[in-house]
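In the two complexes below, chain A is the common chain; its partner is chain B in one and chain C in the other.
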Partner chain A sequence: MSNHTPISHNSEHNKALLQEMLQHAGDLIISEIHPHKQGAATVCYLDGLSDPMKLEQMLLLLQNEEGMLAPFRQSQPIDTLEEAADLIAGGYAVLLYAHSGSGLAIHTLGLQLRSVDEPTSESVLKGPRSGFTESLQNNIALLRYHFSSPHLKVEFRKLGTLSRTNIAILSVAGLTNPKLVKELHKRIDEIQADSILGSNTIEEWITDNPYTLFPLTETTERPDRVIGALRDGRMAVVVQGTPFAILLPFTFLQAFQVSEDYYWSYYVSSSIRLLRLMCGLLGMFLPAFYVATVTFHHELLPTPLLQSIAAAKEPVPFPAVVESFAMMIAFEIMREAGVRMPRQVGQAVSIVGALILGQAAVQAGIVSPIMVIVAALTGICTFTLPPTDVNYVIRILQFAMTLLASMLGYVGIMAGFIMLITYMSSLRSFGIPYLSPAAPFSFANLTDVIIRRPHPYDNKLPSLFRPLVKWRFRRQR
Partner chain B sequence: MSRQAGRQAVLLKLLLCMSLAITGCRGNHELNELHIVHSAAFDVAEDGKVFVTAEIARLTPGGQQPKGMQDQTFYLSEKGNSIFEAGRYIRSKSDRTLLWGHTTSILISSQLAKQGLKRHIESIRRLRQFRNSTLVYITEGKASDTLRVKKPMTTITSQVLRGLTEGGDNTALTTKVTLVDIYTGLINQYRDLVIPSIQVVADQDAGQQKLLQAQGLYLFQGDHLTGQLSDEYTKGYMRANNNMIGSFETVACTGGQDSMSFENINNRAEIHVMLDINSKPRTQIDIRTDLNLNSVQCNDIPITPATIRKWESQLNKSIGNEVENFLRYTQKHKSDVLGIGERLHRKYPKQWAAIKPRWRELYAEMEVEVKIHSRIDHTNFIVLQPDSYEGTPGL
Partner chain C sequence: MDKHTVISNRQMLAIVALATVGTSSLYAPATLVHYGGRDAWYLVLMGGAIGIINVSVFVWLNRLYPGRNYISVILLVFGRWIGGPLALMSTLFYIDVGTWVLREFSQFFVIALEPTIPIVWYLIVGALMCGYAVRLGIEVIARVSEIIFFITMAAFIAIYSVLINQYHPEYLLPVLEHGLLHPLKGLMLSVSWFGDVMFISMILNHVRQTKQTPYYIAGAMGVILFILLLAVVTCIVVLGAEATSTFTYPSISLIQNISLFRNIERFDAALVAVWVMSAFVKITVYFWAGLQALSTVFRLRHPGRFVWPLAGAFVISSQYKAWGLIEISNFYDQYAWYFVLFQLGLPMLVLLAALARGKLSAAS
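Take a look at the complex of A and B:
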């Protein structure tokens, strides 16, 4: 929309042009009103996108005290018809004054949207239960409600040449490193996408390395998680139309943290965090270890255990690696089906899954019961991690590790692990090393990643994200 | 990066990945291509070759719950010039590869042990198939017969043997000797070997059935079997060698057939060696031992500090005899199982060169002094004897 058509003095002309610009939309309502002697005004808005209450109020004000209109409502004067069309599509009501050749856009957006709900993907036992919705305004309001600080800096942008999606960039003034904020703005400027489909479009555009398997940003549905990130000197991007906010920079070990950690006592949280770390490792390596042990390193098992495994594996016609791949793929299929299927058929699928894949497969001698245990434990382990992409990455890598283990045994697993660590340490998220604080090593930061410090002693900001201040508070001695 | 450099980097990565394939880490075996060997027996065949018998797990096929270590076993045996050769011959009778790595126990016939262990142990060590923690036993008769004894309790011999060895912690009648003990014994030559003995005995209840029993030790001189330690000598060895964990002692009552039994709960031995002016070695063994009173059959003995002191001196005497008899026996067989020679070596490194060639003779003539310091810790709170209840009304 490069050309600028000034608002004409002929209202009919304006109407015709607007109709054309908005593709003669059926839900476009244009009507003439005569609030004053001064002349007519043309009201244009999209039916359904505008709240009738707000419209009514607007018209009432327009009739009685027009002066009140401008400061009261979120409104902005407009000069061109293109601008008017843009704003109408965004849910504004536009008043065009033909006599003065000027216009006014008034925010009347009112849409039936989901109310604030408990986030389904990140449920907690203890802690706030509100989650984001699809409305950007609501989400920002929610954040402000949880974090009512004047330092919260919210910058709105419009992205997508076609979709014109609103996004908000959140940071904390005086805390977040301005260089990071600048870099984020720069990267967002470079987005050339015509439309923004949810937050992932933005994530993929602004990531440091678009081809990497590992996520370099994370998303969350929880306002408290966003707040937690902001107070650590990180930034958030909230996108209109999706309940998922992007948090960045993101380091790998953060995939093992959940917001609930901060709501339980620190002993509980620390042990659960360690458990989650262990589960992450198990999720990645358990099938590989099983395959390597039963095909290469039989000596490593205690004799009674080997005897049991061997007896269980006696009727199985497949090599351990085929068996494990079959079970892991079956598990992935079940998981995907569980996400995708309608809730009504859920029970049927879970019964079929448990009976066919568990019991019947063992009884038929297709897989050994030990393999079922390994596959199930591996699958369950990955579910302990918060639902970031890391979760899926671990699932993908477990296949690679199992393959390596089946070819080279423990040497293969070690080779895979070394390659993985080497690769991961070469990654960066907004300039922050991906494996930090483990590599480069920082004990002070690590203590709040692996375990959780008690809140009264958690007075130091993680230097990881280069915040402007060092201390959250000074401890009174 | 230029295109050339990029291609080189990719090539380098590819080469690195391919180098993994030449690490030699092949040799994978699926579990159902393997037979798990639980124990092995080494005998002398008629023609002087070594006769190897393997006890192999017969796994119950699936559909049922795995039986673990209660499963059945079968035996394969073959002779060969060496253990390795015999093992390969066994493979020609077996439908699957044998996994020797899980062998829990090795039985060696005394006949083979008399010929010398070194060459067989050497081949076992070189093979690297057996775990260092594999238990070793010597059998009186043919080792393979012992292995094939039908056991009433557990079907797998290795399980029986391991259980019997653990019993040594309570009885001090047997001890645990593993392959690595034999390796170090034969290589370092710090001390002569002892290897526990396994006997086949008739089950007194069932008559027909036979049982395995672990009692006593075999004494070695170098790698040759020279003698057998009886129960009493075995206890003496366990005391003097400081590896007694628990045991029992019995002392006769004065003037009668009744006796008192003590549970031995602790035993510490200190061996002091010295050379006198004539370069003659002398050894003093101090043993401190703690006992609990467990059974008193003697009549009319009130348990007082005085009686306890009396019993202690009785115990000192009987334990002292036990240890002295054991030492005399080893001196007779010139087998330095306590490693006294090595103690002398460490204490008198300069004189040792002169002693070393004559050591076995010197050991046989060596003067040994055994001092026992026993202490009765507990009487389990019972100080009166049943007989004395009667005459004391009100109790």
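Take a look at the complex of A and C:
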């Protein structure tokens, strides 16, 4: 069979070919109808995928006095049976007119999907509570609801030779740098995957470096976060079947910003941002700092504290680094178990974790109490960070830093820190240096990372993403 | 490698300041006070003035031959037969300085932090770190320097500020007791510390040159002068001139005097981290400059392939360079002329030859 099988004048022939193309699907419905003042038409759709009410409405329209099928939502003419099969699989109802050898595809997708609800991974105390769902149309509609501008550019694509997944590329006309948009289109066109399982599949294809530990794009369930990114000159990719939209370009310091920062007063938001940055550093370096101090640099500790630590570590047969690794691994196991376990046993696991990891381990002399405190504080610090991939990177790098600290003390930590920033300085996300605006340094952009400017003074766009305009608005005195 | 990479003026300032301040703030106070006594600050000022002349030589050469590095200028000005050996010696000088710095800092970490760790571990880690940065290129080195610059400068200023309550300004008196010339016995040494900026000769053609570039270079020299002056003066007003000249690392002795809230003391281990960062920048830029110079002299097509062999050579050379700290200190003191010869002497000769060539070409 060729790739361009025209719609035949023989409706039985069309039916047979469509059945074959759709693998004789049990949910494929094909029936003949006789619209008023038109020739016979063959209606084809997938049961369950099409909304019965839309179908009924369509059929009623066909039967009305006028006899013309008024432009129905998202209808498009089709010429070939391959097109028809593709669209039927995508939730369209297809009308084949054998007498004219033409066809019409009408969007009747009415799959029962999850309703708009608060995002589970990015909840806020103050701010919108709507989150994306698995429906691409709903997600685009949500975005348009939050950003009712004609400048919002939405371009659709189908990806995956097998899955034929719909995606939407979003940018703002007149704001987003066309070179970035062009580059994104180029990378998306180069995707050769057979199936798009989720947004991560696309992320790994379009990223500048698929082998790096550091995420070069970010994902979000929140429409307001997408709008915030678009207004800064960034782009978004929304994928059918997943509630996570991809935002790009992405720099490391953006991982410490959350959309809720814009819903509290700037004093509160700025303080919390600074706290978050501090927690990020503590999360990565606190266990290493403890191991280095206790192993090599005792003189830094005040004498009473040193005595207390020495007394606590006395019964523990393991060196500080072993204790540290044991506690960090145990904490990660508990955290992962907490994500996967059924809610009914959650309380039991919490009790087991607290008792075994906390009290019993200390009393048995496996770990010292101070190590439990360090591990717990480190874990809590990582919880303050937004649930992005950077959070996981920090948790992984904790181990590397602790190992270096156990070998060379503070020099090892510094060596690790320097190697880390050297590596991160070499990364780019769509041409934007990953450590921007810290390096290359930009005072104006960096202040926005560390503190949140009051909205009346937030009139300049971040130059990182090279937007086409410089100002959001001009302040009037 | 790095042929078309461009860095900003600010990044250049960060690299130049960090690469000089790190070693000089650690070693210079003791030796400068040894020569200048309580007037060592005067030695710093004079050295700084000559340092500005030193850096001006490279800026002038860059103006005469834009787009060329120092080594290629030597080859152009003196030709292959005379310029070749001179260029090769300058190349080896870059590498030599890098190995000296690697050794001195490894020695420092062993003495100041943890004597039980064999020095070779520090050498290997240092070479790996710097080799990795060189492999990634000058743009990455510049970005890292930008980040490290703020941390390092803030740490230096914090160290010297926290000790204000222990200052004895009277330790500076009488000022210039023996006249203006007596302290200048140590001028060669002071010039050699400031002359560490000579790697700028290899970086200038990678800087996005604007009208502000000379100001940024002057700013870098100003930062170096300020920090070194602060280091020397603080050592004198806290420890006294006599004591400062006897300490190996007066700056570390200063830090050991810091006491916060009565109980929190001995920050030297934590603040040594600051010197790790500045040592990294210095070794890296000299490593990079050496590789660029090698690439120019031997017309290497793939200089990146020589990074790890050169790093290995760094480790071996550093390990066997000197038997200990005393030899290193003595070398810097007694052979300051060796450093000044390549930092100031030879570049001035190249500049004079270039100007003469220019005049001859104009006349003909």
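Methods note: the second predicted complex is superposed on the first by the 466 of 477 C-alpha atoms of A that agree within 3 Å, B and C clash if a C-alpha of one lies under 4 Å from a C-alpha of the other, contacts with A are read in each partner's own complex, and residues count from 1 in each chain.
Please note the rule applied: a contact is a pair of C-beta atoms (placed from the backbone, for glycine too) under 8 Å apart; a residue touches a chain by one contact, two chains touch by 3 or more.
In this text the structure is predicted, and so the values were computed from the model without any measurement.
Within the superposed three-chain model, A:Pro440 lies in touch with chain C and out of touch with chain B [touch as defined at top]. When the two complexes are overlaid on their common chain A, residue A:Val316 makes contact with chain B while staying clear of chain C. Applying the stated contact rule after C-alpha superposition, one finds that A:Leu306 touches chain B and leaves chain C untouched. Applying the stated contact rule after C-alpha superposition, one finds that A:Phe296 touches each of chain B and chain C. Within the superposed three-chain model, A:Met414 lies in touch with chain C and out of touch with chain B [touch as defined at top].
Of the two partner chains, chain C is the only one touched by A:Thr422; chain B is not. Of the two partner chains, neither chain B nor chain C is touched by A:His455. Contacts of chain A with chain B, set against its contacts with chain C after fitting on chain A, overlap at residues 296, 299, 303-304, 407-409, 411-412, 415. If you check the complex, the residues on chain A that touch chain C are 296-297, 299-300, 302-304, 407-415, 418-419, 421-423, 425-426, 433, 435, 438-441.
Of all residues in chain C, only 8, 10-11, 109, 113-114, 117, 121-122, 125, 129, 132-133, 136-137, 140, 143-144, 146-148, 263-267, 269-270, 272-273, 276-277, 280 touch chain A in the complex they form. Across the complex, chain A is touched by residues 20-21, 23, 25, 27-32, 34, 36, 38, 57, 59-63, 66-69, 71, 99, 101-102, 104, 131, 158 of chain B.
Against chain B, in their complex, chain A makes its touches with residues 294-296, 298-299, 303-304, 306-316, 319-320, 362-363, 365, 368, 406-409, 411-412, 415.
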